[in-house]
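The two complexes that follow have chain A in common; it is paired with chain B in the first and with chain C in the second.
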Partner chain A sequence: MKKKMTPGRGLMYVLLLVAAIIFAAPMLFTVVSSLKTKVEIFSEPFSLPDVIQWGNYVEAWTGANMSVYFLNSIIQAGATVIVLAITSSMAAYVLSRFDFKCNKFLMLFFTLGMMVPMHTVLVPVSYMISALGLKNNIPALIMIYTAFNLPFSIIVVTSFMKGVNKSLEEAALLDGASYFQIYKNVMLPMTVPAISTISIFNFLNAWNNILFPLLFINDKELKPIALGLLNFNGERGSDYGPLMAAIVITVAVPLILYLLFQEKVEGGLAAGAVKE
Partner chain B sequence: MLSGILSERGKNMLKIKSRKIKAGIMLFIVPALLIYVVFQIIPIIGAVFFSLVDWNGIAGSDMTFVGLKNYIDAFHDPDVILSLKNMAKMVIVSVLFHTPIALLMAVAINSKCRGYRVFKALFFVPTVFPLTAVGLMWYFIFMPTGAFNALLQTVGLDNLVTSWLVNESTAMNTIVFVNVWAGVGYYMVILLAGLTTIPEDLYEAAAIDGASAVQRFFNITIPNLKPIISMCVMMDIIGSVKVFDLVFAMTQGGPNGLTNLPTTLMYNEAFKYSHYGLGSAIGILIMVICTVATFASNFVSAKVGKED
Partner chain C sequence: MRNKAKRITAAALTGVMALGLLAGCGSSGSGSDSGSGEEVTIRLLTRMSGTTPQVDIYNDILDEFKEKHPEVKIIDDSQSDESAYNNVLSTDIASGDMANIFRIQGVANLGEYIDNGLILDLEPYLEEDEEWGGGFTESSLDYYRVPGYDGVYAVPYESGLIGMYYNKDLFEKAGISEFPQTWTEFLDAIDKLNAIDVTPIAIGTQSTYMAGHLHNLISYKWLGTDIAKQLGSREKSWTDSDVVETLQFVKDLIDANAFDPNCAGLTDTMAFTAFETGEAAMVITGAWKISEFKDPSVCSVSDSIEFAKFPYFEEKPEYKDEDMQNMSPYMVSGKLEGKELDLTIELLKMLTDQDATKRFAEESATLIPRTDVTFDSGKIDPLLQEVIDDSSTSTGIGQDVFDFDPLTSMQDRTRNSIASMFTGATPEDAAAEIQAEIDSNQ
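Moving on, here comes the complex of A and B:
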């Protein structure tokens, strides 16, 4: 598509470029600084490194425990995604397909959860954790993540399932398949697009969360990456090079996820918002 | 269609007659319901309870029922008042900048100008990053010897150099700026989705009538996007009330508690100073603010919808 260059279009490009600089500069600065020595970061903040300091990444990865935090987050976010995919699709199957008395009430009940800020429940959750002796308990953390992401997940999957053509399940039902078989062999495969959408969001939410781990994960071997990064900064706040490297490591996974599933991330966001 | 064979009622849904099958089907919803109730609903009830008692945070120690005392204390606490003022600033500035900038970005990107994919990805990508990482990134830029001051010196604006996150008059504004930076792409993507729903021929007809780009923007784009714009604003209000990670990563509420938002204040009160009652009361307050904003948003968008 070729368009004529008018003054208006020229202005638009100038504004876009200014915005692009404001957005790219801090990110670029962080990446470049992560490859510099501490002295270089301060003496020549805007120049490229004389010698690329890969050592900063090694130091962050091994010396500052980032590898452990990274793996913890993969496990915690990954488990959250799986639990949510199963529980929300099972619930959505019932909510989208069967007419019973409290169907509408249950849907509303789940939807209400979207309005609850995590901050509101911090005190009772911390009480529950200490009363039940669940400090540093990762399954408990995954359950809490699951609870807070269930409303969004159920809404998205239910509305998708409502649009799925029923003829296949009806055929299966006539063939004598049980409801569980229909859920597993017919519904689940057809709901993959919705489940993959919620899974990306659920993964990002778990990867980015610090509130709940802050409450009850204080074992350095169990902390997730977003919290581990703050930890690193708290302990060795002047190791600028490795700290910048740690920031890059922390954002790398969300960045890769976004680049791989750009359409899905943007589409899911917009669909969730525009539908409301 | 086979659906006629099965007893179908309601909105295309199956009505289950046998009790046994019904019970079996309800089992499907049990895992989700159980997790949801135990880890979200019970804690909310707990939050109300804890906001009405005086408790030192040690499990098993005495709790005294004090009624609304924690709420009354909260509204007499200068720290709470300050955090509410900071929240108001965060909300107002975010609303003033997020949606308008996002709208301009969305319109520019929707014109499929050269490199629009790169621009879109660049503006959106901070919204998928952990806010702790974003906060820390800007913390290093705004620290006294950081890149921003170095930049100011390079361009000869030495008199503007300050310790952005330590100076009491700039600390909160700096965090508010970072919140605007980190969130704008989110609203851009939503508005972009809205823009694609506006029929192209509206623009073509207007162009034939000789309407300028600016006229088309104000007479076609904005009216058609009204419901989505108002939704963005309301989502922004709720999102800005819930900001926590940025403050936690950049200042931890300092200097002297000046950059506390209700969220960080409730965390500090409860888990640093063991004022669990006061912390819970602030927590409930945050939920009330968000709920009011949500209902207001539904009310406003229903009204906006009717007007059109």
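Moving on, here comes the complex of A and C:
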């Protein structure tokens, strides 16, 4: 049904349009700049390129090793997402469905985990990584990402699971299913929207994280894409054309993923917000 | 019965969760194993990272070292980005895991590192190997003699005069036949350049170091390069009248319209673009910019660019050749011993010896301050040769005025206060603000 245009609705559209332009402008500027020469970027920042510089993308992708960094990021962020989806959904199943003594304490424990700023534990984590000889160790990096994203993931999935109707689970139990079977065959499929939500967030956090790989990964063959961007920012000036191209490449993946899963992300976030 | 089963399942699932977390610990890795047995790991934390010709040469030297010593594992942790570099360095210091070769800017602040045994005194190694150690210019090694400590705590891997790169054609168009030698001639040239609607000096003080470098040059020509040590030792204060005068000269240039009126909103790259596209007649920078200035795809006026020292003050002819030079050092960890130390020193020598100096100068227009290298005249850029020739006339060299200040916050404080004059602050305001930083930390 077509909604009637009122002055209020018109104003809302105008405001939304302005907001959209404000949010889209930096990205548009980056995309246009990625096709210009360095001189054009600074002498005519808002013009279109005279000659489209596809070479910036070639240089970013091959010359600055971004192809390797890109693949590394896919592996590191992808593995983080999988580990977190498994661990957080298992923990959430226990916390939402089983009533045992430490249940409330564990929930509080994970909530507290969200309140620890990353920078406050940097030195002890760095010390541990060095002492254990875990520099340049990708599983260790994934473990750190997992540890920092686990509290948020558990809270979101637990809230969602609490809202899932218990009758399906009871039916499965009557049919003789074990608890692991219930978790795997009933709870997990029912929790897909929440897992999609946390997966997007966890992917973005791992993809964008620069601090941990900066400190714990110094092998050029293992660095993620966020670190690769720093290559363009030199002590004696920056290579802006390829830098802009590299930024576009870096942002494209999370942007596409977000657009693909947008509905599920929003649905998962809202779930559990209201008790029925 | 049901409760028991629930408890067992809960425990099992929690266990699986914990195992999942710990799984990462078990896999094979390539951690640092420096000092153990025959295998040695050398870690470098420098600013040599990125896509420049200078970095390519540096990587070539690391590869040569690897070929020579296949048993040595080289980990190059270098970061071109300043904040990334500082993040890694501060975490290294806090966790006591210093790189074998690293870099710290400044001199006076090195005392704390020396006290904690984090930096090696290189003087014995420089004396021991006359061929390597004897080739560095004396002034460059003296620069790393930390006040209050014996020894030399770094070797330079890059240096060069910071001066005026100017557009000869624009000068000629404005009726200026040669680059001004004195301050009065300089102000006169600025008026003439303004008359033909050219920005006399390209500067972008959003990158505050540009304002800082301008003030360094003026300070050394007015008070000599010793002023940096005098300010650092508190023998002089920023509110002393002669120091305020150095800030007044910056203000005089602003009042003479020497800069773009919007320069406070510009970055260094924007300023360099103005110079490289012929919109501005001069820019203050170092030799590392030469390869960019000579690239016609980046710089449309590459054939017109020449180099000159910053003008001196007629009243102070004794400081005519007191110059600003940039200096980038390599330091060695004081925690090393045995084979690891020997190999680290060997690598340090390879990075700064005669061969390296020749390659860096001829292929990337960067200078290691050595006196024992002869460059192939056909390979070295004439502009770089001019810088080398002018460098030899320096009677004193200084880097940034805050280099000898024990307060690490002085880098930001001095640069920000000097940059604030471009948005209306008076020299007295800027001086008082800088001095207040010192006073509040005493």
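Structure notes:
Everything below uses one rule, namely that the second predicted complex is superposed on the first by the 228 of 276 C-alpha atoms of A that agree within 3 Å, B and C clash if a C-alpha of one lies under 4 Å from a C-alpha of the other, contacts with A are read in each partner's own complex, and residues count from 1 in each chain.
Note that a contact is a pair of C-beta atoms (placed from the backbone, for glycine too) under 8 Å apart; a residue touches a chain by one contact, two chains touch by 3 or more.
Quick caveat, the model's predicted, so the values are computed rather than measured.
In the superposed model, A:F42 lies in contact with both chain B and chain C.
Legend: residue contacts after superposition of the two complexes on their common chain; A:I195 is shown touching neither chain B nor chain C.
Of the two partner chains, chain B is the only one touched by A:V116; chain C is not.
In the superposed pair of complexes, A:T87 makes contact with chain B and with chain C alike. After overlaying the two complexes on the shared chain, residue contacts for A:M143 are found with chain B and with chain C alike. Contact with both chain B and chain C is seen for A:Y179 once the two complexes are overlaid on the shared chain.
Once chain A of one complex is fitted onto chain A of the other, the partner contacts of A:S130 extend to both chain B and chain C.
Residue contacts after overlaying the shared chain place A:M161 against neither chain B nor chain C. In the superposition on chain A, A:N233 makes contact with both chain B and chain C.
Taking chain A as the reference chain, the count of touched residues is higher for B when chain B and chain C are set side by side.
Of the residues of chain A, those at positions 42, 83, 86-87, 90-91, 93-94, 98, 100, 122-123, 126-127, 130, 143, 146-147, 150, 179, 183, 210-211, 214-215, 230, 233, 240 touch chain B in one of the two structures and chain C in the other. Every residue of chain B that touches chain A in the complex is listed here, in rising order: 1-3, 5-6, 9-16, 21-22, 24-26, 28-29, 31-33, 35-36, 38-47, 49-50, 57, 59, 101, 104-105, 108, 111-114, 118-119, 121-126, 128-133, 136-138, 140-141, 145-147, 150-151, 154, 181, 186, 189-190, 192-194, 213-214, 228, 231-232, 235, 241-242, 244-245, 248-249, 262-263, 266-267, 270-271, 276, 279-280, 283-284, 286-287, 290-291, 294.
Those residues of chain C that touch chain A in the shared complex are 5-7, 9-10, 12-14, 16-17, 20-27, 29-33, 43, 47, 49-52, 54, 75-77, 79-82, 84, 87-88, 91, 94-97, 268-270, 272-273, 276-277, 288-289, 292, 297-298, 300. Residue ranges of chain A in contact with chain C, taken from their complex: 37-39, 42-43, 63-64, 83, 86-87, 90-91, 93-94, 98, 100, 122-123, 126-127, 130, 132-137, 139-143, 146-147, 150, 178-180, 183, 210-211, 214-215, 218-220, 230-240, 242. The part of chain A that touches chain B in the complex is made up of residues 1, 3, 8-9, 12-13, 15-16, 19-20, 22-24, 26-27, 29-30, 33, 42, 45-46, 83, 86-88, 90-91, 93-95, 97-100, 103, 106, 110, 113, 115-128, 130-131, 143-144, 146-148, 150-151, 154, 162, 166-167, 170-171, 173-174, 179, 183, 204, 207-208, 210-211, 214-215, 225-227, 229-230, 233, 240, 243-244, 247, 250-251, 254-255, 257-259, 262, 265-267, 269-271, 273-274, 276.
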